[in-house]
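One structure coming up, written as structure tokens, with questions to follow.
Labels for the chains are A, B and C, by order of writing; each one numbers its residues from 1.
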């Protein structure tokens, strides 16, 4: 019933090199990092995922597979606990304005890792990427994806997450940049006891257009998922949220939860939510909810009675929704200040 | 309100096949000739004939829907479009042919009419065989007429309203099909300020195997008026498919209120592809109450267009999908004016491999300042071979709104069963009680007789006595 | 000597693969009020559930005899019909089914006869008064949105109608304020007949002051470790369960 952003709607870039990615050298011997460009071929485990559907649209996937010009293959060895987050800084600028990244994360059994992708700066450009995460038995993988690209960017992000037995993947999207931004996260809970959680936020202003999708497939018993998306829209911004929970027959004792909350700050915004719930198993707990509305007037009044102006009070209420997720992001405080400042400016503007 | 206990009754009443003589029927399938024949048989004015022919052209050009239920087994060319029993429309049950009268007596229609209804229409296959209304309502100017008669008696109104500004043949393939070969149904007009205290009812019965029923219901509730319309449907089980593609068009004028209730129990080989829509003006209220139990496959999404300021809509529905059934139901709430509000409560039960789906659209347009809407979906799974899917779409184009959507799916908990059994109930009774409680919000919205009827159907479905 | 109503012999029970009751013995006489006390997680609710016949609680060894008959393998609703009643520690919510409808259905099943509307309405009025409950509860959905105290009162309301031989009150006093506790305790006392036996699980002396139990047993680590008369409860309150644990 609903059409997502399609390749035809945006201007296709011509192929260009991209060389400005920065990844913090960890000199940690349990982590192997290689540029995907330099791999002889894709790892067999990734090739084995061929029939797992994912991505915004086939064309975006094919484009990355054929033309990627950046990306990392990160392997975390068995039983290792990588304490410091690995930060991949995808900086864009006038020369490096076409980023097509292919990232592969393989977390071996019982390993733990946090990886932050920061797509930033630039003013005008194009990003389309694939990130594939394989979390093997008992591993914990935390992924944070920050999209704060310049206002004239078109941004596309295709993600595939495979969660192994008793493994856990915690996901977070922070979406505040680009003119058009679409992402799709497909999560396969293929084995017993796998868990996926997502806590994500977005802020759309002016004429920003967002298209966000989470599709969680429960295919094994005792799998758990929780998807939480909160955001605010201002100006003539438009956001589409697709949240699919798909519980296959046999996924006994699966638990699935999905939530979307949108604050609508102007009359001219548009918000679409499609929170679907497919259920082929009876022994489950599944629910979803979506809500949308303005900032609660009683709360505004309360805050203003403490001296805040209307604008300040509104900002505070938006921050109240977004900050809990930003505060969770495990990386350097400077970035946190930059992001919060960015949000503040966008709302006050 | 007290409810009588559900008596043990003979559930086979729905399944009795009558040996009725048919006076006329078209051949199988659909063509210009068939459409012309129907129109001629009905001795219709030419504008209606031309309307039908135009709709047929639209039908032939339109693609089958690619979403919803699987329609690949539906062979429209083998459906008999029009089949007329040898019975004239009557205003007294005594004059209805015995075979047909008995069917409606078994279904309790004449009795209900005496006890609790202000007017009754009874359609048997393609034609209305009985139509009557209480004298007092006629005196107040209420029109309650079978649709074929209305076309001739009130041509100006029908020409203006019939599939022109509400549902149109362009909406989808089955709306076009309906427009081309519609037959029977009811026309209701309630004048300004008149409140029809007791419900009006139409009962639709398909008897002939392999036939289709395409009745048209048009209700106009003028300013400040009120009416409750009840629709009941059933058919006996045959091995060949039947098709039901009815159409309901409701006009709720300023300050008026229509309650439209349906208890649908088509046989388990019927394709039920029905279109229902209400246009609601300022401060008007539409309430849909819907119980879907029968049919092989259903696609039904009553739509409420909240066009005037302060208009309100409610949809309260239960869908029970058992073995071999795929029931795709839901609602569309379209808010186009300020301070409109809508509320959806959709419950579904899935059992023995049945698939029940909720498909909904909630749209808040840019002019719907201060709109309020809530949607609540609950799916109850009675075993692990069935399915329950929920597919809502929520589109908002305004900031001054208050929107909430909630959905959950689950099963009856072991703890609840144990609790009830500790009070003496058998496991089956405990389950039945929980299911009855689950659908209580819908039963409560129905008049007593129909709540009892619904509980009967639930009991029947739980026991798996049919299908 | 009074007749035995309930006899539990060497009862071993598992829940979700956890071994909880480990050879429990207990006898309750007709007309007796028997209090079971003991630390949290000791197995008191497990005992009640096992007597009621919750299928989650698997009896791996031992026997439950009710009026001399082995009911260990009897289904829960059959036990209810025999006159066993459990006031749940956490009563379930049943949406869509009113208190009135539910109790009437259950009475008809357990007693095997249809109570007349008139009689039912009369009994209902009296019992609601006894429990200091407003008559509007009759049309509310069973336990849905009830406070803890209202749920407990509704359990006693059901007990009044079912007239069981064995009443088990699992922490009926938790979640009740002082006034409500008094109402409930006095109602139970009033509803208790000569023949009726009560097994009451509690942590507090207050309710025992009202009900004056004939015997007190302490359940710990899956067994009855000590039995005594009313005074035992007072000693326990003073000295705690360590007093029993240390085997004084």
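As a convention for this text, contacts are C-beta pairs under 8 Å (C-beta built on N, C-alpha and C of every residue); 3 or more make two chains touch, one makes a residue touch a chain.
Being a predicted model, the structure only gives us computed values, none of them experimental.
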item: Contact graph of the chains (line, ring, star, complete, other); value: line
item: Selected interface, B-C versus A-B, where C-beta contact pairs are more numerous; value: A-B
item: Chain nearest the overall Cα centroid; value: B
item: Rounded Å distance between subunit A and subunit C, as computed from the means of their C-alpha atoms; value: 52
item: Rounded Å distance, subunit A centre to subunit B centre (Cα mean); value: 43
item: Rounded Å distance, subunit B centre to subunit C centre (Cα mean); value: 49
item: Residue numbers on subunit A that touch subunit B, as the complex places them; value: 1-2, 249, 252, 262, 264-294
item: Subunit B - residues contacting subunit C, complex; value: 413-416, 418-427, 429-430, 433-434, 436-441
item: Footprint of subunit B on subunit C - complex, ascending; value: 52-56, 75-77, 79-81, 85-86, 88, 91-92, 94-97, 102, 105-106, 109-110, 141, 158, 162
item: Residue numbers on subunit B that touch subunit A, as the complex places them; value: 67, 361, 366, 369, 379, 381-411
